[in-house]
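Before anything else, here's the structure in question.
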Amino acid sequence: MAKSDVKKVVLAYSGGLDTSIILKWLQTTYGCEVVTFTADLGQGEELEPARHKALLLGIKPENIFIEDLREEFVRDYVFPMFRANAVYEGQYLLGTSIARPLIGKKQIEIAEKVGADAVCHGATGKGNDQVRFELAYYALKPDVKVIAPWREWDLTSRTKLIEFAEQHQIPIAKDKRGEAPFSTDANLLHTSSEGKVLEDPSQDVPDYVYSRTVNPEDAPDRATFITVDFERGDAVAVDGVKLTPAALLAKLNDLGRENGIGRLDLVENRYVGMKSRGMYETPGGTILLAAHRGIEQITLDRGAAHLKDELMPKYAELVYNGFWFAPEREMLQAAIDKSQEFVTGRVRLKLYKGNVSVVGRESPYSLYDQELVTFEEGAVAYDQHDAQGFIKLNALRLRTLGQRKKRMGK
Amino acid sequence: MAKSDVKKVVLAYSGGLDTSIILKWLQTTYGCEVVTFTADLGQGEELEPARHKALLLGIKPENIFIEDLREEFVRDYVFPMFRANAVYEGQYLLGTSIARPLIGKKQIEIAEKVGADAVCHGATGKGNDQVRFELAYYALKPDVKVIAPWREWDLTSRTKLIEFAEQHQIPIAKDKRGEAPFSTDANLLHTSSEGKVLEDPSQDVPDYVYSRTVNPEDAPDRATFITVDFERGDAVAVDGVKLTPAALLAKLNDLGRENGIGRLDLVENRYVGMKSRGMYETPGGTILLAAHRGIEQITLDRGAAHLKDELMPKYAELVYNGFWFAPEREMLQAAIDKSQEFVTGRVRLKLYKGNVSVVGRESPYSLYDQELVTFEEGAVAYDQHDAQGFIKLNALRLRTLGQRKKRMGK
Amino acid sequence: MAKSDVKKVVLAYSGGLDTSIILKWLQTTYGCEVVTFTADLGQGEELEPARHKALLLGIKPENIFIEDLREEFVRDYVFPMFRANAVYEGQYLLGTSIARPLIGKKQIEIAEKVGADAVCHGATGKGNDQVRFELAYYALKPDVKVIAPWREWDLTSRTKLIEFAEQHQIPIAKDKRGEAPFSTDANLLHTSSEGKVLEDPSQDVPDYVYSRTVNPEDAPDRATFITVDFERGDAVAVDGVKLTPAALLAKLNDLGRENGIGRLDLVENRYVGMKSRGMYETPGGTILLAAHRGIEQITLDRGAAHLKDELMPKYAELVYNGFWFAPEREMLQAAIDKSQEFVTGRVRLKLYKGNVSVVGRESPYSLYDQELVTFEEGAVAYDQHDAQGFIKLNALRLRTLGQRKKRMGK
Amino acid sequence: MAKSDVKKVVLAYSGGLDTSIILKWLQTTYGCEVVTFTADLGQGEELEPARHKALLLGIKPENIFIEDLREEFVRDYVFPMFRANAVYEGQYLLGTSIARPLIGKKQIEIAEKVGADAVCHGATGKGNDQVRFELAYYALKPDVKVIAPWREWDLTSRTKLIEFAEQHQIPIAKDKRGEAPFSTDANLLHTSSEGKVLEDPSQDVPDYVYSRTVNPEDAPDRATFITVDFERGDAVAVDGVKLTPAALLAKLNDLGRENGIGRLDLVENRYVGMKSRGMYETPGGTILLAAHRGIEQITLDRGAAHLKDELMPKYAELVYNGFWFAPEREMLQAAIDKSQEFVTGRVRLKLYKGNVSVVGRESPYSLYDQELVTFEEGAVAYDQHDAQGFIKLNALRLRTLGQRKKRMGK
């Protein structure tokens, strides 16, 4: 792409040093108008400093977009994903993966609004996030131009970056001058850390890497018991108090943090082909997953439950790889959502030093119900004698196989 | 089946009251010769009393079979299943399910040896175990006659059972006269409890139900760190000490028990059609699963890992439903075993008050290796510019879809 | 079930000899009021004789229900199934399987209307249809009583049946006195034949068994070319003429019949456990499947198409086994229907002596479109250089595996 | 990659104009030693002219490798794939896809032997074949350099290619001067055609594109009946005559060709992201697939058969995408091969004007056997009364769901 082709670009801008460098680099290299988009996804940072800094770097006020996406994020991305009990490679709750499509979608919406022809993100060239951003961009605006500075520029070392910042009067916080011992991504669902001190998978994660949860050892010596209420597969209340999606997840985050819940040390397979080691803290999400599985236990039929379990790995892989806006993710979502109609009720959980356990579940729609097993006037639906026929017909093909083996002398 | 048809029956005999009643009932109702089979699967009970009791009940010495199956159980059943990371309905480690096929197989082997035409088990008519036993019987000896007393007799209450026992001089331990508050199954992999006090899934499991693990609250205040070594997908050593399969699982059980690991309170879907609530304690198995996933993280390729994850729910369902000896389980096992060739190495785990976490992994076969990512003379295998092509081709179909939407004005 | 328990039963009544015998047997054995339900699913028989015969056998006029279900059958059962491209065991188009749930549903609706407590079908005890009927009954009216005469009565030979008919003044057509050389089921989608002369799977199907299609050898020597139009996954027109679902399928049946299309000689696996050999004629359905796949080729995205292909065997198995009203079938349907939004367009097919081939497809929603591959101002969406990055990142894990092998000297 | 880095390259060389141009281009552009590899995969061309031409173009005799791979191709690639009944997107028999890994593997073997550091293929930058070749290369020799001229050079038109050829004294056959109306790939399994005259998917394939089969209209007016014998899932004889794998496939090709069998007009989804329209002729393979499904019908258990059907789309996708040497393909192959132990017997087929139908199957290992259904002393294994229990337990969860709906007033 010829650099002069780009007229106006919407940059996913955090206000931090790296995206500020990108901002300036876009101005100087592409010579294009830069529109910044800063989103609150619950990463726990103030947004107004980003506005201030954008202005300082020469962005026109009308080109600065700041939005609080926390409710949309949890309601339309996190919750649908949790309906699927999605877990990547058996363990990862997909906290970073699920945020990228939303940011990408907002950038595209702004691009359409301001007439920008390009979008830009700050993800590196070795990770999954570049894929997730760009698949979202391309799906929603097929003719968009995508600028991925980390794959393009020659600022290939910390020193060069700092030099560039200094040359362009970009303010540099003191602790940003050296290499960070690890890098971090955070939103309302999780905080992830990777790189440097985490790169040897045989070595434990240093204590100082954790930021969202207390050590299980430091958590209270007494268990905390809570309830989570669900309606149609989504959590709606904690301890009986109705909460909006984002407020609910924030509440679970607090509970999880205090009780040392949701830490994960993982070596995972990136979509771009290599293995990487990461540390995740997903305090509220870990509780939410346990709670959702708890309410499904009594409200979901076996056929539906097993189909969900079979579809889940594929669903999780799609989210991880960045295919949120792909038809096959939407198909799976349709199947999953169909199953959640009666996933309504209350789960009681015990939180204790890193553990979250379901200790009770009840629902007006429970399929586990003494009354239910009885159908009419004392007649019991389950006749033990039926088991014989059930077994014998299920065994028939195995017996036939056994006969063949015998016949063959095997 | 006409009762006079049965000449000789091999009974799965625990030596306890219930199977002693069955033994006597077989003699009196079927008038057939009874052969007893008592197996040690690590349930933690002496076997010799069973021999004594069988003799007492009139079984000929040559008709009493007692066998220590612990090593075979772990080596040929538990370990292959753990290669699959098998978990039923997201949580249950299949401790009961995996033991039944082996018991069934041994009964059939004895039946072939002693020329018995029938086999008999003590599983009830509402549970999964009857299915698991009988599918094993039928698969391995298609013409066998199966006697399932609980589906046949009229001893439908505790009182009638006790009466029958008294009539037939069967010794009754004092604590067996009343209804048990819950029923239990145990082997080297787990202890399960269900029934009565556990039947209300909204109520917590009473403390006295647990027998294999200490309360997390009562576990040591300091974490225990251990290593588990794997070879080709199977655990072979703990803390560097080589152990046989059964000894290794016993060791992990000790470690899990002390640290309050492996408790599970679950409402699950039975194969026979209803939901049931159970409590499981799988101390060693819970550690083993975490460890196995840990070593797979660095030794298993992504394609293999994801395929395993997709196949797992089906595999677990087959084991749960009793289809261990079915061709489709064997096919899945072949695929899984194929993946384990290089699943060799050491995992370090932290055990702490109910938690088990992988904190380190290393392997001579690691696919996560700094050196590996570099291929030759300093040339790096991963070129960031490749990411652009990767993304653009993956995006192509999404762009085409996006164009269609735009064309359609959607 | 005590026979005196049944007060009123809704019988699936064809008007033929067998269900007439059942009708009388219900009256004499159960002493209950019998309600007959006769449905037109396109089996090609007059329904009024069934009314006449029911009256003759003592059924009250208000207890005789006759309904033309052809449109509902094709619209709500056949078409949704074809959206899935459902084929059982690679070949069978599920013509019988798909009709049973609808008949069952109608029986239950009538039972609710007339206050009947029981339903009855004429399917044998060795087949799949009993399962399909009864799963529908139980799903829709959990407390219903089910009477399955062929599993209950002692009319176990043709002779006994004829005797019973004669005793009860049931008219017997001459050709019904002996054993039929094969048995048949027919509806608008297909005709199936099985039994007797078909039981040796090494022997060809005798010519006289075919009734719905001409021999390919006797079909016209010139190909017939037709078009089928689709809207959102359902066929809506043949040769440009809009037709209702049933009329459309009938039209395709005519075309298929004349051109010798849709014969299938199959050994299949029944849900009840044994293999059976059947012969199917599905003339219109065979054309419809080819046409649907044809239009999907250009309107369905790859991700959606591959997911559909992966889900299909499970979907087909559910339909075959009788789980139409199960949540997991509805979940899969939701996923499939989601994919069909743009499956709209025209397919041209060549019909020739047993062959049906797609020879052209076009659609306003085509994803195969020269224009589409180009996005704007002459910029081409596909850059060949992207392929290198695509391949290299896809190869990365394979290279890493290759390095490991080399390191290991393998 | 710096061009001077390449010392010696192994080129997949057909002897035709295009790969001759590549050969010369490698010499002139990379200045490296060129090793040619020409393989007979049954494409129906003489190989010696390729040797002659290579010599003419300055290749040293010891650098010319020519190998007849037909037996290896069919035995180790085609047959394993047919064990899986692999069909891509419901229809394509993967004739091109399956040949690429073998060619790639041989190039790498030669590279290892002659000490070459690079390999080169003549596949274009828009197709799947480049992926298939290169994934094979990278999997088998991770440090290999890959040269893909069509993605690199500036010979972007027919005119430029011809000019280059003329400049370098490469002989040009007269019919190669202009653009071909379509391009073709052929091997023992199939011939594929695509491009130009085939690019409009609404237009029929012109008659002159077909080269491997007669028109069904021109095929004999009488059916041909043949038998195919299988051993452990692989075809071993036609009409009772034992044949080697390649000879057998050639024989089936002859039979298919004469009877107009195996034509396919398809719009498919390429791995690189776009749809393409192709025409395939797979005469023998089409017969082989039908025959294999036929023998599986009586020798494969239902559980195994259904699992195979569920795994097949993924297997086919892997082969299509070029992941033959990936662990997940090998895992699936292990599962599939496990199922084929008893897939032995004889299938009788009718070939008639484009149709291939199974009309008989028999096997010493048949699971469809009158005797088999009976187990001992006249006792029948199947008791119709068992069906009731089977249905009632399968219905239990549906009844529970029905009760819930009723309770909820839905």
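Each chain carries a letter (A, B, C and D) given by its place in the written order, and its residues are counted from 1.
To be clear about the criterion, a contact is a pair of C-beta atoms (placed from the backbone, for glycine too) under 8 Å apart; a residue touches a chain by one contact, two chains touch by 3 or more.
Since we're looking at a predicted model, the values are computed, not measured.
**Q** Which of the two pairs, B-D or A-B, is linked by more C-beta contacts?
**A** When the contacts at B-D and A-B are counted, A-B has more.
**Q** Same residues or different residues where chain B meets chain C? The copies count as same if more than half of the interface numbers are shared.
**A** same
**Q** Can you check how far apart chain B and chain D are, centre to centre, with Cα atoms defining each centre and the answer in Å?
**A** 41
**Q** How many angstrom lie between the centres of chain A and chain B, each centre taken as the mean Cα position?
**A** 32
**Q** If I count partner chains per residue in chain A, which residues reach a count of at least 2?
**A** Answer for chain A, listing residues that touch two or more other chains: 142, 269, 272-274, 301-303, 306, 314, 323, 326-327, 367, 373, 375, 381-382, 385, 387-388, 390, 392-397, 399-401, 403.
**Q** Any idea which chain C residues touch chain A in the complex?
**A** The touching residues are 142-143, 269, 272-274, 301, 303-304, 306-308, 314, 323, 326-328, 330-332, 334-339, 375-376, 379, 381, 393-397, 400.
**Q** Given the complex with chain A, which residues does chain D contribute to the contact?
**A** Within the complex, chain D touches chain A at residues 301-303, 342, 365, 367, 372-373, 375, 381-383, 385-390, 392-394, 396-397, 399-401, 403-404, 408.
**Q** Which chain B residues qualify as touching chain A in the complex?
**A** Interface residues on chain B, with respect to chain A: 85, 89-91, 124-126, 130-131, 134-135, 138-142, 148, 150-151, 199, 201-205, 216-217, 221-223, 263, 265-269, 272-277, 293, 297-298, 301-302, 305-306, 309-310, 312-314, 317, 323, 325-327, 348, 350, 352-355, 357-362, 366-368, 370, 373, 382, 384-385, 387-388, 390-392, 394-395, 398-403, 406.
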